[in-house]
Amino acid sequence: MMVLLDLALAAWLLALALHVVMERNERSAIIAFLALGLLLGLVWVRLAAPDVALTEIAIGGGGTGILLLRAEAALRGRGKHEEGATRGGKLAVAAGCAVISAGLGFAVLALASPAPTLAPAASDAIAATGLGNPVTAVLLAYRALDTLLEKVVVLLALVGIWSLAPDGIWGGAPEVAPAAVPGPLAWLARILPPFGVVIGVYMFWVGADAPGGTFQAGTVLAAMWLLVIMAGLLPPPDAASPALRLVLVGGPALFLAIAFLGFIVADGFLAYPEGFAKPLIVAIEAALTLSVAAALAMLVAGPARKAPAR
Amino acid sequence: MNGLVDIATMVLVSMGAVLFLAGALGLLRFPDTLSRLHAVSKADNLGLGLIVMGLLPQAESVSGGLKLICVWLLAQISAATASQLLARKIHRDEGRS
Amino acid sequence: MPEFLAAAALVILAVTAVALFRVLRSRVAAERMMAVQLLGTGGAGALLLLGAASGSPATIDVALLLALFAAFACVAFVLDPAEPAGEDSPEEQP
Amino acid sequence: MTSVHATTPSGFLLVLAVILPVCAVLAIVACGPRSAARIAMTTLAAGLAVAIAIAMELVAGGTALSYVVGGWQPPLGIALRADGLSGAMIVMTALVLGAVGLFARSQYALHDGGGAGRAQTTFWILLLALASALNATFVGEDLFNLYVALELLTFAAVPLVCLDGRAETVKAALRYLLFALLGSLLYLLGTGLIYGQYGTLDLLALSQLSREDPALSAALALMIVGLLAKAALFPLHLWLPPAHAGAPAPASAVLSALVIKAPVFLILRLVLDVAPPQAAAVAGQMLAVLGAVSILFCSVMALRQARLKLMIAYSTVAQIGYLFIVFPLAAGSADLPPWSTIAWTGGALQLISHALAKSAMFLAAGVVYEAFGHDRIADLRGFGRVLPISAAAFGLAGLSLMGIPPSGGFVAKCLLLTAAVAEGYPWLAATILAGGLLAGGYVFRVIDKALANPAAPIVVQRAVPRRLEIVALALAAAAVMLGFLPLRPFEFLQIGRSGVSMAGLP
Amino acid sequence: MTAVLQPGVLFGLCGAVLVGIGLFAIVTHPALLRRIVGCNILGAGIFLVFGAVARRGAGAGLDADPVPQALVITGIVVAFSASALAVALLKRLSELSVGEGRAAEPAAPRSET
């Protein structure tokens, strides 16, 4: 039965991806892409990766979808078009891509068997961290350097996006809400965020021991914040506002501070002192969740459109 | 005892699946946009509700049951908002053409 | 029991897939917007059944998030420039 | 699994090299624009100190520095490692960044706003992020950690391109971003295949495991193609000239001198350390062909440019080509590992001398632009009379690009030429010579204008302080000075290469 | 044959096809926004290959190897940031090309099509 289910999912996934590429209407293609992101969440569940499923649904489906829809709305009718390929060219490219897919598929089939794995190593080492979720252990202990640098990547993307504002209004607030907010949306923006915040806090809290964690929780909170801003219930913050900047920096800064603390009280950079690993990791995750939420929401909101209040 | 619960689950889940099927049929068959979309969203939501009811007795913990109910509530909220926004949109689209 | 639940999940997925493509290929713009709602409900239903079938509680969390983001995606309706809502003219400083 | 990495006593320096700039980025974002320049200059100075300390530790210890982050041994954890080549790259990066920082600070002081505006603040944040990303690339040992470092580099480099906010630079930035993204994704795909095949991402472990294996070759091919898109080798170079020419002068200098060196460095490591010998030989030949085409085609393109900065940008693609002809020349043999060949030293010297010369050139061009408000070569007759120091900087940097003695570029190209002849690659030798002649052509075109008698007195729109010109001159002089100490780097570049005896060097 | 039907292989193959589909979109689509969508499909395919690798590495009481899964989570966040930056550049470019010089020009009134 599960095999049938997997086959159905796979067929659906590929059909939907083809639809996204072939659809002529941009907006429809993007809506189909949003659906693709949600569908990928199901696929990740079948790959025994609930942590990734949560991330994919939240970021791949929710975040990227809204980002692209906003962009399509802003660009409609005046998007930059580079020259498209001719029919023959398209066929040639399609053939090339098919060859690449086939080669890659062959490589996937030919991967070493039995598959090499770090699962035993990861589960042996997890006792030292006190965590119960091995994915969180990888992200915040074994490969914490990646996570730290990735937070900087997100922050840099935000700095880059902010820098696209015209000189006079740099540091101001983005424009997110439409001029007229339809009633049902305002209703949604009042009723959904309580659920969202509870779910976000829950995601963060279980993340240490069960699937979930700082990215998933942060994205949920970001989505709720965006919803509230879009419905005009709260104004979007100025990029230059000290509170926003402190929230953005807080998570990575605490992460760095604890990382440097490792030089003094543990084995070195990013090492956690014995017995304190779990509380420290949870503290880092708490601060990171807020930073991620603020950063992702601002990434979607875009550069300033109003001069900052001085 | 356990068998009785299982049978209840099976019946409710089957009914839920049938409702999903009915919704899809409605989507394919009904003539105008509004009734098509209403059919599918109503049927799907009822179907989801039945599935949640069917799975509630199987829940291992109170929090698990709460989460099930939460899923259903979210689907309700989503359907209510979407159908209202949709109705507005269709109304305006018709007004324009 | 797990077999039955998985079969039910398969039915729901198949039905949702058919409905999704019907909606995506629709010529009415408003209908295409319903794709995410459909997948939100159908996907959540299938995930709940799968979670019960495989006994992994985390799957319910995934369903929860799916339902939440399907609701969030309602803002897509507002992002349509065909809506009367325009953007306010930003005040530019010299 | 045997433990292959052990933290060395001064290994923490590697962490500092990567993390100090990150701390500064956070500090600037938190504290706001007013203190940006001060924080940045302090951090760049500290970075230079760390870089010199790393180099001194390498020389003193004669072995590579390693750091196992958090005490988690690879393959589960991440290790950092610096050998001689990494050390040289780190020092070069710190030097160029420091010089560019000085230049930018003085340049921003010329304009109203005192340097706390949008472009200035963003520039400082991105410059520091570049420092972190470059160092992370040079000391990274883990393929995925390197992916994150490359992304950090992309995200720092792209907004630099469009700091002035004009439509054409935004367009160049977007094109750059798409190329870079595609490159990163291909690299990531290769990383996934390697993990699926070997269960580790650690470069040192991979270099011991690697064998003839189609999956490995496919993965490396994907990764190298991805990195080529970022390094702008010939058919994938289209994004570079508009991006590098459109950026503000200090940004152009770091982009051309440093940013594209990171992917080149990684290709070098993948081909020499991970690729099985036979695949490496094939890849080396193909890279050399592309490199040779790059040299010839883009040198000609540089000759044809009407604008100074575009000319310098095309020259960058051409000069990068030299780095790729190293591969077959440094292939080595059974008794002579690649890093003992003269081509290896030649390639490393080319990398470093180009970085110094090219940053000097872009800064000099920036002075010209600042002074005259344009960089059309045809209208620059006699600029050498007004800006003699900048003209001298341009000329000295040009010596190195052409490969005229004495200069770092001369030693590099001479070594490559010797290797090409010795290894039996006459077509590569001919390419090197032709590339030098073409470089002479485009450099003299500008020098000729600089020394010409202007028909009408050339008008300076804005007085440029000496400081700016001196920074450019210092970098150019450094590029030339490299030519006076040619024998020193030979040993340094071999530190930490596996199983190399220090005896029997040329 | 049955080996192909393992989720760890089946979805890996799916990932391979998605890579091809994404590349096709990136190369052939005239609209830049659709190329960004293509990048996201390509990314999704690559992540699925990682997921397949992780699933194949089940062991030690875990259903999958957690390391590639964690890498995917990092990758998804980075890919999202990249999309956000690309979209912002694209929007800015279109603003600049519409009202050259008037930087913060709001969306011009559009005629419905």
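We call the chains A, B, C, D and E, going by the order they appear; numbering starts again at 1 in every chain.
Simple rule for what comes next: a residue touches a chain if its C-beta (ideal position, glycine included) is under 8 Å from a C-beta of that chain, and two chains touch if they have at least 3 such contacts.
Predicted model only: the values in this text are computed from it and were never measured.
Novice: Identify the chains adjacent to both chain B and chain C in the sense defined at the top.
Specialist: Common neighbours, chain B/chain C: A.
Novice: From chain D, count the fewest steps through touching chains until chain E is reached.
Specialist: Minimum number of steps from chain D to chain E: 1.
Novice: Go through A-E and A-B and name the pair with more C-beta contacts between its chains.
Specialist: Of A-E and A-B, it is A-E that has more C-beta pairs in contact.
Novice: Looking at CA centres, what chain is most distant from chain B?
Specialist: When every chain centre is compared against chain B, the largest gap points to D.
Novice: CA centre of chain C versus CA centre of chain E: separation in Å?
Specialist: Roughly 19 Å, centre to centre.
Novice: Please work out the Cα centroid separation of chain A and chain C, and write it as a whole number of Å.
Specialist: So the centroids are 18 Å from each other.
Novice: Averaged over CA atoms, how far is the centre of chain B from the centre of chain E? Could you give it in whole Å?
Specialist: Centres of chain B and chain E (C-alpha means) sit 30 Å apart.
Novice: Residues of chain C that touch two or more other chains: which are they?
Specialist: 29, 33, 40, 57, 61, 64, 68, 70-71, 74, 77-78, 80-81, 83, 86-88, 90, 92
Novice: Out of chain D, which residues touch more than one other chain, so two or more?
Specialist: If we look for residues of chain D contacting two or more partner chains, we find 76, 144, 148, 151, 155, 158-159, 162, 165, 170-171, 189, 193, 195-196, 199.
Novice: Can you list the residues of chain B that touch 2 or more other chains?
Specialist: Chain B, residues with two or more chain partners: 70, 74, 77, 81, 85.
Novice: Tell me, which parts of chain A touch chain B in their complex?
Specialist: Counting only chain A, the residues touching chain B are 182-185, 187-188, 191-192, 195, 199.
Novice: Could you list, by residue number, the parts of chain A that touch chain E in their complex?
Specialist: Its residues touching chain E are 3, 6-7, 10, 13-14, 17-18, 20-21, 26, 29-30, 33, 36-37, 40, 43-44, 46-49, 51-52, 55-56, 59-60, 63-64, 67-68, 70-72, 74-85, 89-90, 93-94, 97-98, 100-102, 104-105, 107-109, 111, 115-120, 122-124, 134-135, 137-139, 142-143, 146-147, 150, 153-154, 157, 160-161, 164-169, 215, 292, 296, 299-300, 302-303, 305.
Novice: Under the touch definition given earlier, write down the residues of chain A that touch chain C in their complex.
Specialist: Residues 1-2, 4-5, 8-9, 12, 15-16, 19, 23, 27-28, 31-32, 34-35, 38-39, 41-42, 45-46, 50, 53-54, 57-58, 61-62, 65-66, 69-70, 73-74, 76, 166, 168-169, 175, 178-182, 184-185, 188, 192, 195-196, 199, 203, 206, 210-212, 216, 220, 223-224, 226-227, 230, 305-307 of chain A touch chain C in their complex.
Novice: Which chain D residues qualify as touching chain A in the complex?
Specialist: Within the complex, chain D contacts chain A at residues 7, 12, 15, 19, 22-23, 25-26, 29-30, 32, 67-72, 75-78, 117-119, 122, 125-126, 129, 132, 136, 142, 144-145, 148-149, 151-152, 155-156, 158-159, 162-163, 165, 170-171, 189, 193, 195-200, 214-215, 218-219.
Novice: Which of the residues in chain E come into contact with chain D in the complex?
Specialist: Result: residues 19, 26, 32, 35-36, 39, 42-43, 46, 49-50, 52-53, 56-57, 67-68, 71, 74-75, 78, 81-82, 85-86, 89-90, 92-93, 96-97, 100, 103 of chain E touch chain D.
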